[in-house]
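Note that the chains take the letters A, B, C, D and E in the order they are written out, and that residue 1 is the start of every chain.
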Amino acid sequence: MSEHLLSLIIFIPLIVAVGVFFIPNDKTLLIKQVTLVATLAQLLLSLILFMSYDGSFIPSNWNEAFLFVEKADWIQMRLGQYGVFVIDYFVGVDGISLPLVVLSSFLLVIGVVSSWNLKEKVKGYFMLYLLLSTSIIGCFVALDLFLFYVFFEFMLLPMFFLIGIWGGPNRSYASIKFFIYTLLGSLLILIVMIGLFISVEDTQKALQLAEQSGRIELVHSFSMVQMMEGTYIYDSLLAPSSDVTILDIPVRYWAFILLMVGFAIKLPVVPVHTWLPDAHVEAPTAISVILAGILLKVGGYGFFRIAYGIFPDGAIEYAFPVACFGVVSIIYGGFAAMAQSDLKRLIAYSSVSHMGFVMLGLASLTYEGVAGSLFQMISHGLISGALFLIVGVVYDRTHDRKIENVSGLASKMPAYTFFTMLFFFASLGLPGFSGFVGELLSLIGGISAENVNGLFPRWLGMIAVFGIVISGAYYLWTAQRMFFGKYWTREESWDVKMKDLDVREWVMLVPLAVLVLLFGILPGWILDPVDNSINFFVDQVLSSGREIINNY
Amino acid sequence: MLKGQLEQILDQLTFLRFEMALVIGALVLLVVGLISKKALVHRVGFSVILVCSLFVDFGVLETQTILSGSLQIGPLESYVKMLFAAFAIWIVFYPTAKKQTPEFYFLMLSMVIGSSFMVSANHLLVAYLAIELTSFTSYIITNFNFQKKSFEAGIKYLIFGGVSSAVMLYGISIVYGIGGGLEIDSLYLHDSDPFLAFGILALLGGLFFKVSVFPFHIWTPSAYQEAPTDAVAMLSVVPKVAGFVLLHRVLGMIDLDVFTWVTPMLIFAGIGTLLVGTLGALGQTNIKRLMAYGAIAHSGLLLGCLFVSGDLGVAAFAWYALVYAIMNLALFHVVAVFEERDITSVSELTGQGKTQSYFGGLMVVIMIALVGLPPTAGFTAKFYLFSALWHEFQIGSDYYLLGFLIVSILTVVFSLFYYFRIPFYYFLKSGSGVNNAPIDLSHKIFATILVMILLWFFLSPEILNNIVLNFNAVDW
Amino acid sequence: MNLDVLFFGFAAMVALPLIYMIFTRNIIRSVFAFTISLLGLAAIYVLLNADLMAVVQILIYAGGIVVLLIFGVMLTKRTREAGVFTDHHQVVIGGLVFIGMLVFLVSGILKAGQAEWAGVEFENQIAKVGVLYLTDHLVAFELVAFLLLVALVGAAFLAKKSDH
Amino acid sequence: MAVPLSYYLLLAAFIFCVGILLVLIKKSAVFVLLGIELMLNAANLNLVAFSKFDPQLEGQVFAVFSVVLAAGEVAIALAILINIYRQYDTTSLDKLDQLKN
Amino acid sequence: MDSGALYIILLMMLPILAAVISTFFPARESYMITPMFHVIGIVSAYLVMDYVPIDVRWHWVANIELGMTLDRLNVVLVALVYIISSLVHLFSFHYMKDDPGIKRYYLKLAFFTVSMLGLLMADHLVLLFVFWELVGFSSYLLIGFWFKDKEKSTSARHTFMINRVADAALLIGVILLVAVFDVSKVSDVKLPEGGNPALLTLAGLMLAIGAFGKSAQFPFYGWLNKAMAGPTPVSALIHAATMVTAGVYLLARFQPLLAPNVMMVVGLVGAATALIAGVSALFQNDIKGVLAYSTISQLGYMMLGIGVGDYKASIFHLWTHAFFKAGLFLAAGSVIHFMHKANHGVDAQDMRNMGGLRKHLPFTFVTFLVCGAALSGLPFTSGFLSKEGILLATVLWANKLSPEQAWMGYSIMGAGFFAALLTPIYVSRQILLVFFGRVRTVFQINLGKKFEPTISVIVPLMVLVGGSVWFSVSKGIFDAHGWRLHRYLFPGRLTGIPEDISYYVFFASLLLTSIGVLIGYILFRPGSKKVAMYKESNILPNSIKGFWQEGWYVDRVYGVLNQGFLWTSNFTFWVDKQVVDKVVNGLGVGAVIIAKVTGVFDKYIIDGLVNFAASFFSGLGNVLKRLQAPLVQAQVAIAMVVVIVFMFWFLF
């Protein structure tokens, strides 16, 4: 079982989705239960995965860095007389993807609970939901670039429909905007993927194939491991030795830039973030949770695995701009959040701000920074997920999210206020909550990078620190406007609906709160098992990046 | 001498079994049409003829010219012809097939015949006649809805086509005079002569018309909009693919080092096609018209296959053509189903998703394939093409090619805009449906089969290997 | 010398009606001008030793197509049209295209080379062409036959169906 | 050869350009068809002129086919035109503007 | 886990344990047990004093080894926190017993205490920062305790935000020290070897700014007055005795790292704050307002002590101040409670409504008197001793400065002495206005003469009074270095102090204090003109007095900054909606790139990107429209034109 653990995690929802297809439309409860069981099974398996992950080894190269590897032949196609390209079903986890897998499967369960009260088109919703969860997990564990790309693209479709059909009043605009933006991003990735597989060869596979066919051929590989190891074909465009430039920028740097832009759209980074507030505002609560909690992380994960892993030279060369964009996102997102009157939109902008830390930490390429970046992704996943649930609570009751339309909720809904404040403070980086750890580590990375590896000056990190002031400002202001003061609502009719949290909401919020606190106090629970992976990642990127820069 | 020549002709006529079967079948069908008025008979007859033609055809392993250089046959030609016949069979399952007359099927067969000759033509005279044959068929077929607008579309198509073919003929005459002959494989145009250059340009212009490449694409939207939908499916695939094969053969006789403008011109035409197709589609409301623009954009991509040299190019082309054929078959089937439900405009699709979600799901997969997203064969085809283009860029470092590659990838984003308007209105826009009657089970089955094929080709595209391995068309 | 004069005469016979056609407003007259021009062309074909072509030109073009066109004009000319020329823009563009194309072609022709053919035989062209039709150009010949059938069936069907 | 080949070609070019001009500037469909015929004639003239130097006479063969094709085309055009006339009560092409985006 | 760790954890967790346990009992009286837990804490701290240092370390995350430690300095402060906290817990029972949110109150209070203890015991800069923030957070919770009152919750928010700004600076300092200089242990700060001195200065400055924030120094002092919105016992605990001194504690710990320039800044800010706040305290009408500003002023003294290099004096002042200021606050709380009960209609905190309360509140009066004397620095009080220590250090420091810096040193010194003059003035003003003369309002309910029935009021007040007289802290009446804990805390030898200077300073401060008391009495004695008109005195908003009363308009500065902040945010959002979204959406990126490539970017920047984009798209639209012409001849024309363009482009 353990050798197929990852496949199980990926494909359980897909199989269940097919099963759900055969359940009659009107048995909504059964559909929900089946979905819940499927996601719970996914969570259980990923917990087993986490428990049995042995992070104590120190890999010596990328080939050894991954555990639970499954590899099976999938596609072998001829590239004319230029050889064969090989696409494998190749999955595995290392310390960077593992926490994200666990996070995703956890949030997916929360998402099901949060959509428990859905009434219309239940079957379609949950089928799409299951498809979504397959592609999300697949995205995090794929080690074959093609496989990754397929999962990556496939995420868009369920998302498009989930927003577009079950979303708010302006859903159609939002869903299209979401789709277009992210598709644009993924196409940039596609360009690089094409260039990469044409430039990378797999000699081992070539020998294997030669045994079958009897002749040695050039085997183009999609394996990310090969790409990270850098087995490039001499004279290919993306090989480090390539001297082709476009507009005076070497092709490899272009590839890095394209990847960064592609994933930055997903992350999102200013100025390509504008799809996010729209998508969030219109998405149903559960989908907002998934979107903020997981989908943004795919962008961050792409930075790690693909942009930085495969183009370490670009990572070093462009550390400063990358960090700059991170800092700009932090500050800009914060200011933009401040100006919002729609609670959901506010949280969406705050996501922009918080994901800036991911970029900053990663750009620093210090151990702390990278660990912080990873941790920030986990923590933001939990916190923003919870915050969207929080918005969902008030939206369910009033069908309105305007901050100024209610006030003094604290006296009417104490438990709700408690959770809101908890997550607000967690999000604004109060120590003791996980948000602080991620931000702290990223900032340590950002400020110490100049000393550790000299990638970018420390004033960038210092500016970023003031992001935490801004986040404090908008959260507290919002809390005050909505929860404090005299109880008041815009519509009288809302009064009756303003009940405190029900059981379902407790069930969703308590685990999140517990985890946010737990990881805030004991961040080592996440970071210690993956310590070696992060160290290895940092070393590898720095050393091979420097090597490429120095040698070519 | 003459006797020997005639014997040789008789020998070589056996290579034309496919075409001859179709011609005979077409004539028989015409006669049968006079006897029986039953639509079913015509449909069965049509498909029987095509199946027979498929059976009498066999793969030619070696590329050769026959009939004193009139025709060229080879594995690629066989493949494309079989693709035509295999494709054409399916249109009898369209919902529109019920009302079609034997003349319709006769014309469909002539379209396949003309396209087959186009694919094989090695002589500019044959090429011209074959093009005109498909053109005449298309002009006529465009009117077959017998509506006010369809006649308009017909005459516009005819005038535009007439001008284009006249221009092409003029170009052929120049090529003949200055280049010194009409046989494509024995011609090699290497005199840098502006008059000859004009001839080449004019000749290519006529071919562009056939494959609806910018700037000769303009007839496409009107014609597609008004022609019967099953005819549109044919029109969008059969003559177009044939045109590309012919275009490629014609390009083979031009010395690109002398006529340095040809490659940039082709690439600009390709970029123009992509842009016109995608940008033009953005504002459309009529479904078929929208799809016509989409087909124009696909022409741009098919044109991209010609930029890739060697067997990589032919593989990309063969694969793209195959997938394009399947996608369009499925697409226009869906459009035909909509038409049967009195839906011609995008906005009339509102509310369909409530009652017809299964069919809608299939339709979504088809649209995904057309946009070129995984997990469909549409993605694989585009992916293979882009890979080939990248490889070509890597070999030649031709920045025009890079520009084409980038534009073609970017147009994928825009194609999302218009292709996804269909599911968008179908599912997302609220409104009451025009027609809420359930969709016929047979249509669902038909669409399901095609969708399955699209998905299967994504999961297991190795079939391409098997096709391409036979080609050894290094002169592509 | 004589042939030269003849050529210029026939060329004028071809070209002048064309100029008339550009400016005339009357379709029927223009069709007749077209006919004159066709006949001039036929004469030029004779000058070029292409007798068969000259005959075909007179028979099919002047005899068939022109009749068909006049027939069409008669059938459809019941109401008076407001004008003959398209709108201003279009005429200007047309003029520019005309001039541009002409300038280009003329300059091209004056610079043009010509393919080198081994030898030229002039005798018994019709017989030779006839043989060619059934040997080298057999495919084209059969194809054109089928094409005419298609045109026939199509045109007849279009005309017939619209009666209903 | 008394008259140089280029004279024929120039005449053909003139015919061709007049054909295009007619297509572009005349409203009536019949005029436009005439224009197309002129363009075809120009090509034919070219073919025949070139074929004078061609022992294979391919140009002339081609030209004959093209005349036949022109006839077919006009036939189809008129069939459609009659229908157009019935539906639109005109053969003026600028009245045919139903097909728009 | 070793016993040390257990001990530390226990010592830290006692308050929350107490609060949680008592929360489980339904009766309100259960909260009376909380002070007992605190007493355990005091005793434990006392018992452990001779066994320090004990510490516990654990791996937290990344390379960060967090640790907590008990050493001589912080065990004393822990004890202090426990003492004040126990009294406040006790007092609160009376003060809050009718409040429905008492459970919440005690939990929050306990949470605060725990955070404060953690802050003191943290032995890693990051952990210190963690508790630093938590202290701020719990303070936010307590200030906003009456959240239904919009103003109070606003005050809480402002408090938190002002602190947050300073905390951001502190965070920079912490990160610089931890990540760049590898200085992380709080209990053992050494100057790092090597490293960029300018960077070290920056780090020190950032720490100082952080400390200024928490200790309400210029320019952050505005928050402390707002913080008075919380329940008064809270003010006693947080805003007098514990939290505000965290900055002093931090700088005292990190003094070895501070560069001379930074020290100068600290001293300057401390002196300036002492002066500024002293002036403002003179004009307050709110009974807590006076105390708030006096607290700021006293914190300025402590900062001054740090700045002049004698952190020992500052710690001493911290200790004494904790007692007398807590006493004053609790006494004020008692007054307010009384006023609240006596007359619901009027503002219970406004001194204009008070007067003559000594008859009603004798214990309170005594407390106020003694603690006020200590605050003023009258002899025989603890305040006298500690304040004199700081002044002495200042004088010594100023004398040693180089001639170029001397003027600065002497002005700092002068400010310190002047503030010492101001303190007795406002203290006597307050005491005279509150407890003497006639009541300036009507009591609706006659509560009798004695309104201090319960032990939970009397005991805390008396203990604090005890803590404010000299013998509780020192052997010598006038010995500024005679603190009983001095030898324990700072085992080294005392630096010799020149006798003459010591006497000068002693007499100078005595003189200043006496003058201050005198001025205060003359101005505000019962029956003076000022007092007679006091009830009606309204300070015009724009007068100079208003300027002082409002704390030198620091709030308005914050307001302007806040407006700027909001404006920026609105502007950002506007940009986001109008520019970024449109540009990115509308393919503007493409336009920009094209423009850039062709090198005409600058030109179009001048013309305005908007114009460019507009014309670009309208042009594109027109072209597309032409390309989709409905008329067939136009279509032909397009094709032909394109062909001709191609022709002339490529063939020539």
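The criterion applied here is as follows: a contact is a pair of C-beta atoms (placed from the backbone, for glycine too) under 8 Å apart; a residue touches a chain by one contact, two chains touch by 3 or more.
Just so you know, these numbers come straight off a predicted model, no measurement behind them.
Considering every other chain in turn, the ones in contact with both chain A and chain C prove to be B, E.
Contact analysis places C-D first among chain pairs (by count of C-beta pairs in contact).
Relative to the whole-protein C-alpha centroid, the nearest chain centroid is that of A.
Taking the mean of the C-alpha atoms as each chain's centre, chain B and chain C sit 31 Å apart. For the pair chain D and chain E, the distance between mean C-alpha positions equals 93 Å.
Taking each chain's centre as the mean of its C-alpha atoms, chain C lies 6 Å from chain D. Centroids built from CA atoms put chain B at 42 Å from chain A.
For chain E, residues that reach two or more other chains under the stated contact definition are 628, 631-633, 636-637, 640, 647, 651.
Of all residues in chain A, none touches 2 or more other chains. Residue positions of chain B touching 2 or more other chains: 125, 129, 132, 136, 139-140, 143, 146, 155-156, 159, 163, 167, 177, 181, 194, 197-198, 221, 280. Of all possible chain pairs, the ones that touch are A-B, A-E, B-C, B-D, B-E, C-D, C-E, D-E. Considering their complex, residues 177, 247, 270-272, 274, 332, 334-340, 367-368, 371-372, 375, 408, 410-411, 425, 430-432, 436-437, 440-441, 443-444, 447-448, 451, 458, 461-462, 465-466, 468-470, 472-474, 476-477, 479-480, 483-487, 522-524, 527-528 of chain A touch chain E.
Considering their complex, residues 2, 5-6, 9, 16, 23, 30, 67-71, 101, 103, 106-107, 110, 113, 117, 123, 125-126, 129-130, 132-133, 136-137, 139-140, 143, 146, 177-181, 191, 193-198 of chain B touch chain C.
By the touch rule above, chain C contacts chain E in their complex via residues 86, 90, 93-94, 96-97, 100-101, 104. The touching residues of chain A, counted against chain B in their complex, run 75-82, 85, 124, 149-150, 153-154, 156-157, 160-161, 164-165, 171-172, 175-176, 179-180, 183-184, 187, 190-191, 194-195, 197-198, 236-237, 244, 246. Chain D meets chain B in the complex at residues 9, 12, 16, 19-20, 23, 29, 32-33, 35-36, 39-40, 42-44, 46-47, 49-51, 58-59, 61-62, 65-66, 69, 72-73, 76-77, 80-81, 83-84, 87-88, 93, 96, 98-99, 101.
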